[in-house]
Every structure is written in structure tokens, then in C-alpha cells.
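We just call them A, B and C in the order they show up, numbering each chain from 1.
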Amino acid sequence: MTTDALNVKEKDIVVPGESLAVGMGFLPSWGTYRDGDSIRASRLGLVQMDGKVIKLVPLSGAYLPRMGDVIIGLVIDVLMSGWRVDTFSPYSAVLTLAEATSEFIPKKADLTKYFDIGDVIMTKVTNVTSQNLVDVSMKGPGLRKLGPGRTLVVDPHRVPRVIGKNGSMVSMIKDHTGCNILVGQNGVVWLSGEPENEVITVQAIERICAESHISGLTEKMQRWLEQNAKHVNRSRPQEPMQ
Amino acid sequence: MEQKNHMLKYLQKGIRFDGRKLDQYRLINVEYGVSNSAEGSAIVNVGDTKIIVGVKLAVEKPFLDTADCGNLMVNAELTPMSSPDFEPGPPTETGIELARIVDRGIRESHAIDVHKLCIKEGEKVWSVAIDVCTLNAAGNLIDAAALGALAALKDARYPAYDLEKNAIDYGEKTDKKLPLECQPIAVTVWKIGDYLLVDPLPQEENAADARLTVTTIADGSVASLQKGGDCPLSVEEVDSMVGLAIEKAKELRKALG
Amino acid sequence: MTKSNAIFKRPDGRAFDETRPITAKVGVIKNAQGSAMFQIGDTQAIAAVYGPRNLFPKFLQNPRKGILRCFYNMMPFSGHGERIRPGGSRRSKEISMVTQNALLPVLNLDDFPNAGVDVFIEFPQTDAGSRCAGICAASMALADAGLPMKDLVAAVAVGNINGNIIVDLNYAEEAYDGQVADIPVAMLPNSGKVTLLQMDGISEREELKKALELGKKTCQKIYEVQKQALKGKYKVD
């Protein structure tokens, strides 16, 4: 009879193979595996304990589309009856005519009138198969083609930090820079405003991603924005809706 | 097209996607002596672009038509490690052009006095091989590569050489430097719409209409040129691009330390 | 077989079980999903991971899982003597392949059907032991890229010079005038299992066993360095 022992604590960073706990009293969950008596990390991550259950929160890695995710994608091809969309993951998605618009599209219509190659779209993942074939849809609030603006790709694991609790971080940046900002679950950020304000927005977002592990980041970013965005005219233009 | 229009909106206001002015380089950093298996080496950082250059020396038989001259060779590897857009395999057009631009800058400015590389006329000369390898490609590879090549040449020391045995001891470096006569600096000026800029980001390179690489030496004279891109340039444009390159070369020369 | 009875001293004065100084750093190539530098003595490896990503040519795709590809390459100026001609050689092809096999046992690419993970390993300078340094760097880069892995992989060359079992041979030792066996070995630090094993030279069975034990001990030490480097990148200060 071995005694149970925990080798790590909440929020420890662990590497693949590292022993997290010994004994049958602990239960392996996401990102961990049982190896005899031990529970080991099966990837690089942050330890999260839930009673006796040990799981990891990933710190890095590619975005994989999940059903229900709202992402920002890029139209990369026009198909027979739909479009191919780059999801900034290893797998591209298909947007079918039926999911693209509620309008009636006649046969042999020029599909580029609706979406053209190079268009940036806010879209929703509606299906992911076992082979990672992905369907996306434009049906839903806020899903649309995005107008002039620039995109920025950040680590998808930093997305919750960029958005902040109930969107607090992103609204704070919007308020200080006057830019419209949209964040996709896939780590693609779209922003639009005056060029010099967009630059400040990009710098702010890059800063959040680089320092995402710091506690008190919101206050720190508040001070940074007050310093760097003090000349910005805060009257934000109305977001164009389609 | 929309992305390019958005970029032009920036350029019209005199700024870039990262907030720089049009004629502003990113931070440049040169580190010497980074590979002790090379006779000379350097790492050049230009913003996020990172390039390593190594110089290898060898003793060879000269070419018949230049019996009293050493050999000079520049090769570039756009390693697949440095960008998701580069693939393993033989050099691409981009890589070959890059190497040839760097080569011409050094050769045509006579930066290396090839006569001084002669050991015994018609029999033995030093050959200088400059290898450029990209570590992280984030725009403006040409200028970074040329700067790195020059830095590695400055860093190079001859290995010990026994003439009798015709053998090089690569384990033993002498303190004799290469015959470096001048410092050729390449500055590439890019044209996007009606705007001229230097040290582009990858997005800017993708949106560019044309570019002109101007290699100059310290007195401001031009040693080599290379136009790239498929948009034509007017003579006036060429003239202002050369002017900008001469100005910017002064800054790069300082960065060499 | 005759072996010299004279007391063997390592050319650089190291103890038999002593490696050259080791340094490691994670996150050295910004464009890559994961990257790491591993240096042991004068041998420096840089590894960068791209992927999982779309894999071409299409015939390489596996609908059941992702594919790992490794590319070992010495920079032209990184050799011990003359310049190395750029482009692949038979040697680099073989080392790429055994590197791949050394890393595959820890990697789980089931979640990435039809996709590919590429590991590029480059050497700015070498002084023997490059394939082992490359494997150490590559396994850290794969972990940094957030890929599912059940362990890291550590590797080191052990050797037998005139019956003396030593670890981490440098070039001078590989070229030692005597009976030399060079045994690169990669191991999974937590299970002690061997994922790469080669030998150039001649050894007795008993010596080989001793050498593998020394390799195992050293891989544990290397694992600690790899661990610290990985944690160092993500550390909260």
C-alpha cells in the first residue's frame, strides 16, 4: 500500500512526463495520464486541481476548431456551391451556400458577389467531424464580412486574456483607442480605426499576450493605455453593420 | 486589395503597421563570433528578422583566367526553420537572387582585394565562402544578409596554414584578418503605391509594387543595383530611391560597430 | 583483443561521467510554433517546430493521425574542418530518419489526422554529438509547441576508448588514436527506455551494458536541464 502524494501545486508549470502525483487517490484528467502508480503530464501546461482530479491548462499549441466557436476566417477559395475558409488552424472550413445567406442564390450565380477571395469574415463553427472536416456558418448575431481594417494573429490560448472578464479588457482598449475590435476564438483579432490608434491597439494586444500570466494585468494595461493613448479622440465611429 | 488599401491609408499618414516612419529601420543588432567552427561569423537582428552568416576559408587552385586572384563565393539558405513559407529542398529563385545581390555588392565594390588572397600564382589561392542562413524571416532579408556578410568578413581570421604540407589546421586561428578594403552596405528601398519605404514587414513586402537594392560604400558611391518586382519605376523614382539608400546606409554602417 | 593498460585521461581533463557544459533555451525562433536551443560544449543545435499544419504532398497524409517529419541540417560553416556543401547528404538523411524514430514514441498525433508536424534542426557550430544535441533541442521544441507528449526525450553520446567508458565525446575523443566506440543513445527519462541507439566501433557486451547505464544516468541530468529551460519560458515572476 503506497501513500498518496501530490508532487505539484495549483498553477505550477509542468512539462511532458513530469510526475504530478503518486497513488490511486488522485484522478488523471485532461492533459495527464496514469503510468502505474503515478499521474504524469502528457503535455506542457499549468496544473489545475479540482479536489482529487488533476488536469492541465494548455499554454501553447495550435488552434483546433470546436463546434460553437466564433472565429475570424479568411476566404481562400470559391467552390462549386460555397467557399473555402482558412480558420488559422491546420484545417480549413467549408461555408456552403445555405449557411452563407438567407437570400436566394440562383444557380450559376457569381458567388464572388457574396464572398470573394481575400475577404475576412466573422463566422461560427457549426460542425467538426472525426477527421476534422469543418463547416462554418454566417447565420447568427454579429456574423458577417468584416470591412476595411487589419488583422492580427495571436496565440489562441491568450484569447481569454485579450477579451478579459466579461469583455472588460477589450472594452477598455476600445475606450482608450476608439478602435473597433473583434476577437475570434481562433486567435485572429480584427481591428479598425484611425491608423495611429490601430497601432496603439496592436501594441496593447501584443503586450497583453506577452504578459498574460501576470496578475493585476488589467490595472497595468489601464495605466499603459492612459500613458500611450492620451491623445486619442475617444469618439468611436459607429460600427458598420451589414 | 482591401488589405493594401488599408495599408495605403497608413502610408498616407506617414506611418507603418508597427508605428514606424516610412524611412525608419527597426532596431538593428550585430553580434560577432557566433560560430567557432567558422573562420568568421555574425548574427544580425533587424527587428524580428534574424540571420546568421559564416565565413569558411580554404586553399584552392585558382581559375586559369585569374591565376593571381583568390575566389569569393556567396551562398544563401532560406532555411525552412525561419518561416512557414520556406520549404526544405534546393535553393529557390528568392534564395539565389538574395545570394547574388550580396555577392555583387561585395565583389563590385572590391571590398575584398582578391589579389591579396593569392598564395602562389597559378597554384594556390585562398577561397572565401560566405554562407548566409536565415534563422527567423520577418521581412527585409536582403539588407540583413548583406550586413551579416560584411560583419562575418570583418570577424574572419585566417586559420593556420602549412604551405609545405599544403594543410590547413582549422583548429588554430591566427590573428590575421581578411584584406577588407571597404564596407559595402545594401539598402533596399520599396515602393508601395506612391510611397517609398525601407525595412519592410512581411505584409509590406507582399503588398509592394517594386523594390530597388542599392549597395553603397562609405564615400556614397554606388557599387551595385538590383531592381525587383514587376512594376516599372521612373528615372526620378530611381533617383530618389538611390538618395534614400545613401542616407540610410550611414545608419547601417554605424550599427556594425 | 589487446587493450592498453595505461591510465586513460580525457583530452580536456573531464571525469569519465562528466558532460561538457550544457545550456538550453526555449522560444528562440519567433515564427515557429515551438523552438529551442540546446548547447553541449561547442555543439549547438537549434530546433523549430511548425505544425500541425496542412501536409503536402498529399500522398504523405495519413487519415488516422498526424505525421512527424524531422530535418537534420548542418550549416555549411558548422563542420569541424572544411566547409560542408549545402543541401542534403546521405548522412543527414539517415540522421533525420533516426531522429524521427527517437521522437515518435513520445508523441501522440491522433488528434491531427491528415496534418503534418515538421521539426527543423539546424547547427551553427558542432564538435561531435550533434544528433544527440539535435534530439534534445527537438523534444523541447515539440513540448513548447504544445503537442501531446508522454515524455521528453534526452540524448547523449557515450563512448568506449580502450575499454574506458566515458560520456559526451567531443571531436578530439572521437578521433582518438586507439580503440574508440562512439555510441549515441536517446532515452525517455521517466521510463529509461531507449529510442535511438547506434554504435561506430568495437565494444564488448559488458562494456556496452556499462555504457548504456552511464547514458541513462546522463540522460536524467539532461532531462533536468530541459525541464528547467521549458519552465523558464513560461515562468511567472
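The definition used in the following text is that a residue touches a chain if its C-beta (ideal position, glycine included) is under 8 Å from a C-beta of that chain, and two chains touch if they have at least 3 such contacts.
Being a predicted model, the structure only gives us computed values, none of them experimental.
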| item | value |
| --- | --- |
| Most distant chain from chain A by Cα centroid | B |
| Result of counting contacting C-beta pairs for A-B and B-C, higher pair | B-C |
| Mean-CA-position distance for chain C and chain A (Å) | 34 |
| Rounded Å distance, chain B centre to chain C centre (Cα mean) | 32 |
| Averaged-CA centre spacing for the pair chain B and chain A, given as whole angstrom | 38 |
| Shared interface positions of chain A, touching two or more other chains | none |
| Multi-chain contact sites of chain C, meaning residues that touch two or more partners | 53 |
| Contact footprint of chain A on chain B as seen in their complex | 1-3, 5-6, 9-10, 13, 15, 17-19 |
| Chain A - residues contacting chain B, complex | 118-119, 148-150, 195-196, 199, 202-203 |
| In the complex, chain C residues that touch chain B | 29-32, 42, 44, 46-48, 50, 53, 71, 73, 75-83, 86-87, 118, 120, 122, 124-127 |
| Complex interface listing, chain B residues touching chain C | 34-39, 41, 48, 50, 52, 54-56, 58, 75, 77, 79-84, 88, 90, 129, 131, 133, 135-138, 170 |
| Contact footprint of chain A on chain C as seen in their complex | 33-34, 51-54, 63, 106, 108, 111-115, 143-152, 188-190, 226-227, 230-231, 234-236 |
